[in-house]
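So, here's a batch of structures to check.
Presented sequentially are two complexes of chain A, the first with chain B as partner and the second with chain C.
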Partner chain A sequence: MSTDADLSGREKEDKERRRIKSGGAMRELMTKYYLEAKAAEGTDRHIAWITSGGPVEPLIAFDVIPVYPENHGAMCGAAHMNVELCEVAESRGFSRDLCSYARGDIGSAVTKGGPIGGLPRPTFLVCCNNICNTVFKWYEELSRFFEVPLFIFDTPFVRGELSFHHKDYSVRQMEEYISFLERITGKEYDEARFVDVAAKSLYASSLWAQVLACNEHKPAPMTCFDAFILMAPIVTLRGTQEVVDFYQGLLKEMRERIERGIGILPSERYRLLWDNIPVWYEMRNLGRLFTELEACLVADTYTSAWTFEGVDVEDPLASMAAIYTEVYLNINLERMAEKIESLARRFDVDGMIMHSNRSCKPYSLGQYDLAKEFTRRTGKPTLIIEADHTDSRWYNRSEVETRIRDFVENLLGESVGV
Partner chain B sequence: MSDYREMWEELGLDLQAHDGLLEVLPPLYQETILSQENRPEGMGYFDFVFSEIHGLRVKELVEHRAQGGVVVGTFCTYVPEELVIAAGGICVGLCAGAQVAEEAAEQYLPRNLCSLIKSSLGFKLAKVCPYIESCDLLVGETTCDGKKKYYEILGEFQPVHVMELPQRKDEVDRALWRSEVRRLARRLEELTGKRIESEPLREAIKVVNEKRRALLRLAELRKSDPPVISGRDALLINQIAFYDDPKRLAEKVNALCDELVERREKGIFIGGSHRPRVLLSGCPMAIPNWKLPAIIENSGALVAMDEMCTGIRYFRHLVSEEATDLDGMLDAIADRYLRIDCAVFTPNRERLEHIKELVRDYSIDAVVYYALQFCDPYTVEAFRVRQELEKDGIPFLYLETDYSAEDVGQLTTRVQALIEMLETKSGSS
Partner chain C sequence: MGTQTMIDECLEIWRDPYKELSRLREQGERPVAFFCSYTPEEILHAAGLTPVRLMGAARTIGHADAHLQAYCCSLARTDLDMALAGELESLEGAVFVQTCDTMMRLSDIWRRNTGFPFHGDLVLPIRMGEEISLPFLVEEVHRFREQVEAFVRHEISDEALRESIRVYNRNRRLADRLYRLRREKPHVIDGLSATACLVVGFWMPRQAHNEILQRIAENLESVEAEEVDRLPLLVSGSICTTPDLFELLLELGADVVDDDLCCGHRYFDAFADETVAPEDALAKRMWERVNCPAKHQCLEDRAERLLWQVQACGARGVVFYLQSFCEPHLFDIPYLRKRLQEELGVPSLVLESELQSFSRGQLRTRLQAFIETIRGV
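Moving on, here comes the complex of A and B:
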């Protein structure tokens, strides 16, 4: 394994040239966010823990600090600290088959463990099942543990088009959500403020979509592994000006890279699509492997989940309700197949790698069908690897790396004729 | 069993694979059910129904369809049987309880999915279930993440209608569910080409309520200590209730209850001396999944009640019969089904209260929590059930398993340890 110390001066210079500079601004933004959130603990300021797919804009509009256990879980996973937190939850009786984000979060709530010493204590919780049903039971436990109120947003599963009465169900819950926030915060709903937040959220989301679209270019200016890191602000703080500023800066950098022909990899021979949540604890190793194989993960189904469209300022609550109901993990397989086909064509990929994620049923169920459908529609091969997003005990590195190597060198090598 | 091969062939079954399945069932039934001593005579009907599981009842379905009727298959207690009956249909439960064609199912489903879903798809893929092959429509529901997508995969093989089950129970959720019940009614009307009228619906409500009343009567008799019926036999009856003719079933259950009352009066019990009384709580046990009840009862305890979908959750609530018009009946049906306290609901206080109520009413000595591996709603909810029960001093044993037989030894050891502890406790008190 080579390290920076082994690199020649020229290689170091090249590596520095290819490094995404906005990473520093993002770390600064996220550090500030976590410091503020932790400093707010025990003050009059409300702190809400919310699921990653939950509507955050109302929280921002009510001046509540949103905190994301899943984002924290990713952080614990990347820091190789989630297994010990999972073990805490398991020792309390939670099944080892429960999502490792949930187990790690419960473990962290109990021990204040993890790279930032746990999350600030919530004053209430918001849970939306547009990403999975597990979050309901998980947040119910958090609600009991912290003895704080829980708002549940139940999004109907969308088959084909979102029907009128299902949309109405979501809209009515959005109204209930606002009433819940009014009760908790003692403030009245301010529609002008909400529209402003929704507009910023939409704008940041469109900037994020443009950032991701930059990877349509060859060579790609980043990999989706970079996007997994750079998505933190759009997940946690959309609706704020800081996030708009950050993604404006990032977009500018991506466009400059394209203009100057700077790709993220020294050599880009293959272009791949990634499906599912990252294997957080293995990003570095997998990143090295793909670089070595000259394979660039140019797009994925995960980061694009935060590219919302269609907020109607005339009816912001209803349009937000519909947007949150139709996220990627809450649509049927036919629509998912359309989405991956569209990504494959836009980003001109040579194949797809699907992470069958032991922790995430909504993401992993149907992948075999999707893989076949993807190949049928695009003629491109797929590889399914088995792992878990933050519980490394379910990961077999040598097996996964061998399969990826074989897939890229043999299958892709043949299909793209190199 | 008579020769039904022609019928099975016409239904498209894989006869060779199906023969293999039918060879396995009788010895399992003999070992688990028939080997019990001193069973009531009324169980004879249920033994017969089971012996004809892929025969006579399927023939009835075939004949029903030949006369223009429809057969609707379901996978959950949330699908209103009343609507199917009122539409001139027969409703059959399709959940599978045996490891069949798991490898084939894993071509579609990831490994981290519960046995119930994998097995249900396995039965379909292996073409060994005459019930699913007899169905004109399958009706699913959005109870869990696994099922949401499973139904879409199933839809590749057969027409499927999915009911959107809310996961909360507030007013907006009730409104959604009521509209879902109406949406199912319209789907059934499309299927049959006939409108669902109020009189047949009223009659259907009565028929299904009668089935529930009979099962409730049996449940009431299970409070008897010493016991008049085993947990395995009671489970078998509940399992059969999902696919047998509801009127006939009610009649046979009532006849059995009459016999049980008589036996109790004569001092005839199945267990002799007192045995530790266990409440089984958790995931459903579809035919022929008797693994855990058999382990518990063969280890010297009694399954006195089942807090599960193949237990009291299936028949606990009745549909109100007070409605005078079609709309009122549809609302009454929706409201009844929304009362079911499946673990997919959050919050789900009713379930905890009900478990505690059962512990009291059935003089329960310990709760054995049966969780299918990878079933998030029930595995997570186990945590709070345990806490609540331990607060009340009720012994609690959590068992996570699947449809394989590999863990029988391990489960037996754990159950025996529980029973020994209960017996020691009982002896010392």
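Moving on, here comes the complex of A and C:
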């Protein structure tokens, strides 16, 4: 593997040409956000910890600073710091088999450890179980630890179509959520403000969807590893103007890349779909491996979770409620299979790599069946690799790399076409 | 039949319940499997089906590994394995109540890979005991009733449902009576026997179980036995697939005087209201009954309840018996242990079970050490 130092002048130039420039703007945005959030600790601003799939728009409309332990977990994972945080939780009796985001977060709450010295103390918590049921157990623990109130936005699992009573339950909880925020912040609900925030959130999410769609183009202007990083603002800050601005800039950059034929890889021979949360501590190595194999991860099931569709601006509360209920992890396997199949067709992939993520049961259980179903529907092969999103103690690099190599090298032979 | 013979039979079924399935079939019953104590069994019962509870098995996995990763609880893995191996042919189908993430996915995997005629799904809210979730729960109970009706191809009348509610309420009263007896006169019936009498009910029609409980309770209530000196313990967790834990404790001079188990006390807690519309009654019961850690209950704190239970039965230690990889239970452990220790000075032991690698020897060693610490020897 060559390092930057060995690169010739032309190679360097080419690398610079292919680099995504908006990365800098994003880092600035996120740094500013974390600095502000940390500075708010101990002031009279409210800080809420919220799950990644939770409805954040009401918080923004009430001027509450939202903080995302999962995003922080990813950061700790990428910085190779989550294992030590997990160990803190384990020494306090939390099983090693629990989700490593949760363990790391509990560890960081206790020690203020991690790359940014821990998250600012919450004044309350918001938990939405549309991504898993782990989160409410985790947030119950946080609520006991910090002695702060917990609001649970309960989104029962959706089998088939969303039923009327299901929608009704979500809408009533949205209303309850608003009253909860009124009580806690002492402010009155401002409908106009909320509509504005919701509109910005939706707009940002549609921009994000368009950014991701740019990868339908060949060669792809980015890989999903880039998307994993570039999605931070849509997860944490959607509903604000800065985020809209950021994704406008990013979209413009992506479109220019397409126009100028700039792909993210020097050469793109294979196009792959990624399933599940990234292996955060291994992004760099895997990125290198895929580049070497000329395989581009053009789409994934994870980043598209923040692309909202079908919103009725006239009735934002109700449509938000429905959207939050029907996210990718909260639907049955058949509906998931449809989504993967459509991603595979839209992005014209040669195969799929599934990360069987020890931490995340709703994402990982069922993958074996989904893999078979995927191949049945598309004729394309799948590879399942075993890992954990932030606990590297479960990861066997040489084994995973060998399997990926074998898989990609066999791709041309295996594709049977649809 | 003598009381002890009856209890021995119950124990035998607990040890190897799956052979009961074909027996039920031969008797003309139509068994439907359920996994979770939130299942409104009354609806199945009223439709003429016989709910039986799959509780995992100590076995080597042969088929389920193609569908479930090894980091999934052994109950899901071994139950699926039996189904895929064709060992559950006598079943008409199964009911999946969505409590944890594993069960929610297992439902799809089971439906897609087994060929049972009936597949029932009941989606639960996690917010129990709060006004806001009750209407959702009532609708889900209604939807479940419709699924069952569609399968048996006839309506389940309100009258039939009311009758089933009465049968199950009677069952709960009798189970409670037996448990009270065991708490008050542990020398007359020990934890192993009492739990066996309860667990056996998962493998027979409810009326037959009521007969058994009634006879055992009546016989034992009049018995005056000599007091025995056993260390009183409480067991908390999900399901005990085998009686091993209880047996070992007895062998080691301890006894389970009460439990917080899903196949024990939590199973029969709270009655369904016989005076309101049956669907409302069933929903309300689930909503207010003692909480499972897979749910969020506002009416009562789980730790409070456990502390209270420990004090009431005089247990001097708590054994947490869990399935490996079971997130809902594992999350609660540090908190429950801390409160037990700090507020009551009651020590606890955590045992995790993976049925595929069940080791009685190891279990024994750990239990023995725990008992010795409490006894101070």
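One rule holds in what follows: the second predicted complex is superposed on the first by the 410 of 418 C-alpha atoms of A that agree within 3 Å, B and C clash if a C-alpha of one lies under 4 Å from a C-alpha of the other, contacts with A are read in each partner's own complex, and residues count from 1 in each chain.
In the analysis below, a residue touches a chain if its C-beta (ideal position, glycine included) is under 8 Å from a C-beta of that chain, and two chains touch if they have at least 3 such contacts.
Keep in mind the model is a prediction, meaning the values are calculated, not measured.
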| item | value |
| --- | --- |
| Fit-or-clash call for chain B and chain C when the two complexes are aligned on chain A | clash |
| Chain B versus chain C as contact partner of A:342, first or second or both or neither | neither |
| Footprint overlap on chain A, where chain B in one structure and chain C in the other make contact | 92-95, 97-99, 102, 129, 132-134, 136-138, 140-141, 144, 152, 154, 156-157, 159, 165-166, 169, 172-173, 176, 332-334, 356, 358, 361-362, 364-369, 386 |
| Touching residues on chain A, where the partner in the complex is chain C | 92-95, 97-99, 102, 129, 132-134, 136-138, 140-141, 144, 152, 154, 156-159, 163, 165-166, 168-169, 172-173, 176, 332-334, 356, 358, 361-362, 364-369, 386 |
| Residues of chain A touching chain B in the complex | 92-95, 97-99, 102, 127, 129, 132-134, 136-141, 144, 150, 152, 154, 156-157, 159, 165-166, 169, 172-173, 176, 332-334, 356, 358, 361-362, 364-369, 386 |
| Chain C residues touching chain A - in the complex, by the definition given at the top | 66-69, 71-72, 98, 100-102, 104-109, 112-113, 121, 123-127, 132-133, 135-136, 139-140, 143, 293-294, 296, 324-325, 327-328, 330-335, 337-338, 352 |
| Residue ranges of chain B touching chain A (in the complex, touch as defined) | 107-113, 142, 144-146, 148-150, 152-153, 156, 162, 164, 166-168, 170, 172-173, 175-176, 179, 183, 343-344, 346-348, 371, 373-374, 376-377, 379-384, 386, 398, 400 |
